[in-house]
Amino acid sequence: MTVEEMKEYRLQYNKVMVEADSFFAEFGKLDDKVYADGAISKKHKELMGLAISLATRCNECILYHLEGCLNAKANFSEIVEAIKIGVIAGGSITYPNARFAFDKLQELMA
Amino acid sequence: MTVEEMKEYRLQYNKVMVEADSFFAEFGKLDDKVYADGAISKKHKELMGLAISLATRCNECILYHLEGCLNAKANFSEIVEAIKIGVIAGGSITYPNARFAFDKLQELMA
Amino acid sequence: MTVEEMKEYRLQYNKVMVEADSFFAEFGKLDDKVYADGAISKKHKELMGLAISLATRCNECILYHLEGCLNAKANFSEIVEAIKIGVIAGGSITYPNARFAFDKLQELMA
Amino acid sequence: MTVEEMKEYRLQYNKVMVEADSFFAEFGKLDDKVYADGAISKKHKELMGLAISLATRCNECILYHLEGCLNAKANFSEIVEAIKIGVIAGGSITYPNARFAFDKLQELMA
Amino acid sequence: MTVEEMKEYRLQYNKVMVEADSFFAEFGKLDDKVYADGAISKKHKELMGLAISLATRCNECILYHLEGCLNAKANFSEIVEAIKIGVIAGGSITYPNARFAFDKLQELMA
Amino acid sequence: MTVEEMKEYRLQYNKVMVEADSFFAEFGKLDDKVYADGAISKKHKELMGLAISLATRCNECILYHLEGCLNAKANFSEIVEAIKIGVIAGGSITYPNARFAFDKLQELMA
């Protein structure tokens, strides 16, 4: 799937979930608050989210935080360092997700 | 175990591992390089390591990166924000590790 | 993949596995026994299987237990509550699987 | 640690966390709501929480939901069936947690 | 995706990663050394890698180690035994990955 | 805990579980069959079990398979190579378990 298709799918089903049960609106709001600018800047939080997404091997989360990193003006070197932190933490089983991250980063920066 | 006992155990067996096989020296050196000051500062990398440790539920890793955060002059608010990012990513099954993080943070800041 | 394609693939390769080695028949039989009506009803066991599938982020398992829930006459509200229990346990990294669950639930209930 | 020591530690550090940051009160409230009586009964939700705790290998979570199961009047057979569902889902690496569950269940029912 | 497409994608993005940062060359070299013939033969190491890939539910890793097993002259029975060890360790949530393993094994042995 | 205490605890609660429900006898028997001498030797299966235990971060499993490796006459070099395969697969979050493995290996070989 392309970045655009993955984003569209995410938006569509986040909407379905929020309409199905208020829990998902509350959880989403809590997540947004955790990632808001604070003692740690939005940019560094998005880089943290990216590193966690690598270590926990969640491709959709990788795309979500790559978008967040770029929106918060993280540069290529910072993004690569976040990926490396995720890979060294989670080992060679994170390699498929690292490949996905570089694939989608190329698409997002094209 | 106290922080001091955990640190001593870590040092003792890291030494045993390095003496047993050069792999562990090489892996350790690679890990150190990934966490060195770079495009992302040492402080923010340690905060990232802490967030990953929460999300992946690794108590020894939490202690290791709490030490790294404090050595790199991260303040209490930054550390708490990193813990929150790990908890929202990993859910309620990370709560025991969040309690451990606050427990050891109190001990380290005492 | 559609629900039908996923089911067909599952059946095809479960058969391949059972033919390759008796272990898979034995493991499958043990799994079936665990999920049979007992002190806990079949319906509630399927809801438990669904919640576990969310928390452990296994999409094929989600589809399998969604089918089990519907066959055991679980209603929409019960299924949504099981998904919520999986999500709060496993955190925001389960969101892609929650979206998948709602996607396939729509398809199964259509 | 005994059940009483584990409960005391949990309460003490949940309090520390709630005092450190309002996030933990909000996350805790959301978790409580998800586990409240609803389309699925409180008892069955606690059994689900127990099964998830086995499959995700979280001992403190196991104790927490064993208490919840007993408070909601789940009987021994129901609790054992929930443990079995967690073990078949998560495999032999959940055995240490299954032993812990039976250990603490004995202590709680003594 | 076919085996060939998965291999091509792997090679393409491993190259992108190595060009982006020397870390990936170093990590890859370390991984290669760990899997080289030694006290344990290359064949048995690849079978171990396959079992780990099942237990940790990593499909790309499964394909990579299936190739390694076949290149090192592991036979069908050895490969099936490695898959079984991964499945009993990781439980029924590894079944989708076991199906994938048999699917790709058929394709590789065709 | 010492090796002896961990073994005693394991035996005691495996017995409790088998007495509580026949599922645990059946699962245990299936696990024993998977690890029996076959196309892959008992020794190499125990080394695989050790590598999986590292990658999945299960200390009790590490001790169990260290015993199995030594009983099957695996030597120190083979055991260290199995640990390395687990660590490179699972990354730096497996280091606490690698330390535990070397700690218990020293105790078992003393």
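A, B, C, D, E and F are the chain letters, set down in written order, and residue numbers restart from 1 in every chain.
Rule of thumb we're sticking to: a residue touches a chain if its C-beta (ideal position, glycine included) is under 8 Å from a C-beta of that chain, and two chains touch if they have at least 3 such contacts.
Everything numeric here is computed off the predicted structure, so don't read it as measured data.
Repeated interface, listed pairs D-E, B-F or E-F, reference B-D: B-F, with more than half of the contact pairs matching by residue number. Set side by side, the interfaces D-F and A-B show unequal numbers of C-beta pairs in contact, with more at A-B. Each chain gets a centre from the mean of its Cα atoms; for chain A and chain E, those two points are 26 Å apart. Put simply, the C-alpha centre of chain C and that of chain D have 22 angstrom between them. In chain E, the residues that touch at least two other chains are 23, 27, 30-31, 34, 52, 55-56, 61, 80, 84, 87-90, 92-93.
Residues 9-10, 13-14, 16-17, 20-21, 23-24, 27, 31, 52-53, 56, 58-61 of chain C are the ones that touch chain E when the two sit in their complex. Contacts from chain C toward chain B in the complex involve residues 55, 87-94. On the chain D side of its complex with chain F, the touching residues are 57, 80, 84, 87-88, 92-93, 95-96, 98-100, 102-103, 106. Those residues of chain F lying in contact with chain C across their complex are 23, 26-27, 30, 33-34.
Contacts from chain B toward chain A in the complex involve residues 30-31, 34-35, 38-40, 44-45, 47-49, 51-52, 55-56, 61, 75, 77-78, 80-82, 84-86, 88-90.
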